[in-house]
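Both complexes shown next keep chain A, but they swap its partner, so chain B is in the first and chain C is in the second.
Up next, the complex of A and B:
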């Protein structure tokens, strides 16, 4: 049983890698489209030239946005677009004949692409640190927590967008909704403004939304800005969002399949 | 010429009929426009909470820039995206053959075929915001309005040309269909005055990828802080970019070998 599972994982990852290698230039361009944090880095560094803003010096801003860039690249997810298209056009049908949930195939695809993004984004980020002279107070424990938090962020983002994509069983607005959520994620996750520079009422609302835990949370860990209790609290909230979206995903998938079969392809 | 105008009318009617089929999109797109407006405003508030100016621009001036940015973004979504997004498929599937057989310019056919009416809310929000900022700045006069409109038109021409050229590369690079997305993401830089960037980026945004002419220059006119050289430069760049895009288009069509079918 376990051997079969492992073989499935290896096959899925291998197929995904072969598919993506076919479109490697395209993937490279997608990586370059993630440059919004770098544009914001220049803006904030320019603003902080005269003196620190809200506790951030120019190099602090550089470190913040370079890590944001990295985390965004690794947690990349576009699954709602694929699900929307496949469900609307009936391309989902052949996938249902396979003896495993297409969820795993999409997950393998996303992980492979995340790996490809990492190989490009990591040198870019390191170069950024060298050019801007930003310093990262690296500690082994922070690095470990960061890795766990990024994994958590990936699971939240992937499952959240999977849920959005599954809405295509009921509406043709799923892709539009996904784009809307992307805007929210960019602004409320901290890709344009470090969240602690937002007015206090906005920050209070953010605590109840998943976006800060997908982006801002891991970034702040690596920057060494989170003391123990805040770290613990962040992980607890991450786990809650993970449970919520995984549960919702399974519910939507089961309900949606019934709907899909009723329509007939 | 009259043929082109009657074609335009037919395309417009047809696009409108098509859009009426998807009326629900209006709701979603209006929500999206409001959201991106709120997001832009939130970022500006966060900045001006901690600074008095950005690149020498005051808050109301930055508002006028956000208005211009939203107008251009709306223009892309309303007009550029629905047309050029289809080009890679025309090429891959061989539909381009039919475009070339028709007795009008193929660039015209590809560029003006569709509009996405429901993207109007974003454009309208931008216009209102620009109008509001100009009222606050007290720059609302016939002269500034005319100048702003001319510079907006030349900004639109520049953005059209860049988008067209990037999509035209699909004739050679079948597998790379996302170059316009790359431009779209760099276009985010247009939310801010070009003076807020470090010198090398300023150079890049003015001379290599002229986003400065797309947003900073029209907004400067609206905010009453325009320098004449940039205004003249904008029109020149627009004419040059249009010619370049047409040249590249003809080169691409000449090397088009159709899809085997």
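Up next, the complex of A and C:
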């Protein structure tokens, strides 16, 4: 049983890696879209030249956005686009004929791509740390917590967008909703502005949304900005979002298959 | 039609109704549809019942949009029925349990389960892992499939670089690697050249013989159905209108038989037309359509009255029968019990 599972995981990752390696063009697209945090970094560093802003010095901003850059690369998720297309066009059918939840296939593809992105993004980020001297605000002793929080962020983001993609069983606007959620994630997750620079009431609202726990939370861990209780609270909320989205995903999947029209020959 | 074994497939009053949204063309139509969605119900399949025995090969015939593919999709668990019951290999397809999915396969047309940008061999390996096929079984089955389908030299080419025929062969191999007991084949030879059609046909027959697999297929190519299926289900307008062999289908749909005549001297058409419906008259040869019940009597009369050199009594060509079925409308008066009451 375990040997079987291991073989399946190995084959899945191997196939996904081989498939993703074929899409060389997407690397170019990624370079163009993935560098936005680095641009934000330069803007904020420029603004902070005259003096710290909301507690962030220029170096703090550099550290913040370099970590944002890394976290975004690792938690990359486009699964709603794939689900939307496959469900509407009936391309899901061949997957449904096999005794294997397509969830794991998509997960394998996303993890492989995250790994590929990391191999390019990590040297870029390290160079960035070296050039800006932003290594100082980092708390390497939090690295283990950071890694766990990034894993949690990945699970939340992937499952949230999986739910959005599954809405294609009922509507042809799922991809549009996914794009809207991406925008919310960018703004409310902290990719443009560190969340602690938002007014306090806004921050209170953000605590009830998943976006902060996908991006801001792991970043703040590595910056050492979260004392023990806040760290614990953050992980508890991450777990709640994980349970919610995984449960919702299973519900939508079961209900959606009843709706599935399997269009096309 | 006697079943060769216990029923592998059992369908009772199966129906599938779709809700179809209507939208007027253009931007204004989109806006209107946004505010108030109109829809109507399409009855793709309506109260179909049949049983198929283990090891049988059954052909689904019917015009486009008749409900053949919808039925296959319900049998393979892709679509949830609106009403009725389905059991395949003892399972309820829509539950998509692992042992059920390991027992069946559905092959539909072109771009299917093969990963487009990788060689077919990679898709096969993935299926090996998913279906948990042991290394020795995998090698043996792949060897067998490669030999039967002639896959040598194409397994390691990127799927998108394969020709249509090569891709179809790889799709078939991928669909059969787990050695399913039930094969659902939707137009398995569509778009293939004549040789390739024949190869796929031979392969399906061979697979059925070797593994005792149950096969349900739809096809627009006559030869696929006549060569493979002993039993035909005709579906039209979502309803099952015929279940039996070709001979009785011919009797039902074509109440006439063909008399092929060869004369010693030319005969005027007017004379021949007295004996039956004249379908071609060419110098010394003629073809007549005659009511089934009267065929022997008329043949005797012809032999008696005219200088007949040779006479043959044949069924209406199967292509013609199927052509009528595919045209749809033609089958209704002949096959639909309720149509006999004069609805045209």
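Going forward, the second predicted complex is superposed on the first by the 249 of 265 C-alpha atoms of A that agree within 3 Å, B and C clash if a C-alpha of one lies under 4 Å from a C-alpha of the other, contacts with A are read in each partner's own complex, and residues count from 1 in each chain.
Here, a residue touches a chain if its C-beta (ideal position, glycine included) is under 8 Å from a C-beta of that chain, and two chains touch if they have at least 3 such contacts.
On a predicted model such as this, the values are computed, not experimentally measured, just so you know.
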| item | value |
| --- | --- |
| Contacts of A:30 with chain B and chain C, given as first, second, both or neither | first |
| Touched partner set for A:119, first chain B, second chain C, both or neither | neither |
| Which partner, chain B or chain C, touches more chain A residues | B |
| Which of chain B and chain C A:47 touches, first, second, both or neither | first |
| Touching partner for A:99 - first (chain B), second (chain C), both, neither | second |
| Touched partner set for A:180, first chain B, second chain C, both or neither | first |
| Residues of chain A contacting chain B in one complex and chain C in the other | 22-23 |
| Partner chain B, residues of chain A touching it in the complex | 22-23, 25-26, 29-30, 32-36, 39, 42-43, 45-47, 53-54, 172-173, 176-177, 179-180, 183-184, 186-187, 192-193, 197-199, 202 |
| Interfacial residue positions of chain B with respect to chain A in the complex | 24-25, 28-29, 31-32, 35-36, 39, 42-43, 45-47, 49-51, 54-55, 173, 175-179, 181-182, 184-186, 188-189, 192, 196-198, 201 |
| Interfacial residue positions of chain C with respect to chain A in the complex | 18, 69, 73, 76-80, 94, 96-98, 101-102, 104-106, 108-110, 112-113, 115, 117-118, 122, 125-132, 186-187 |
| For the chain A and chain C complex, residues of the former touching the latter | 4, 7-8, 10-12, 15, 18-19, 22-23, 93-100, 257-258, 260-262, 265 |
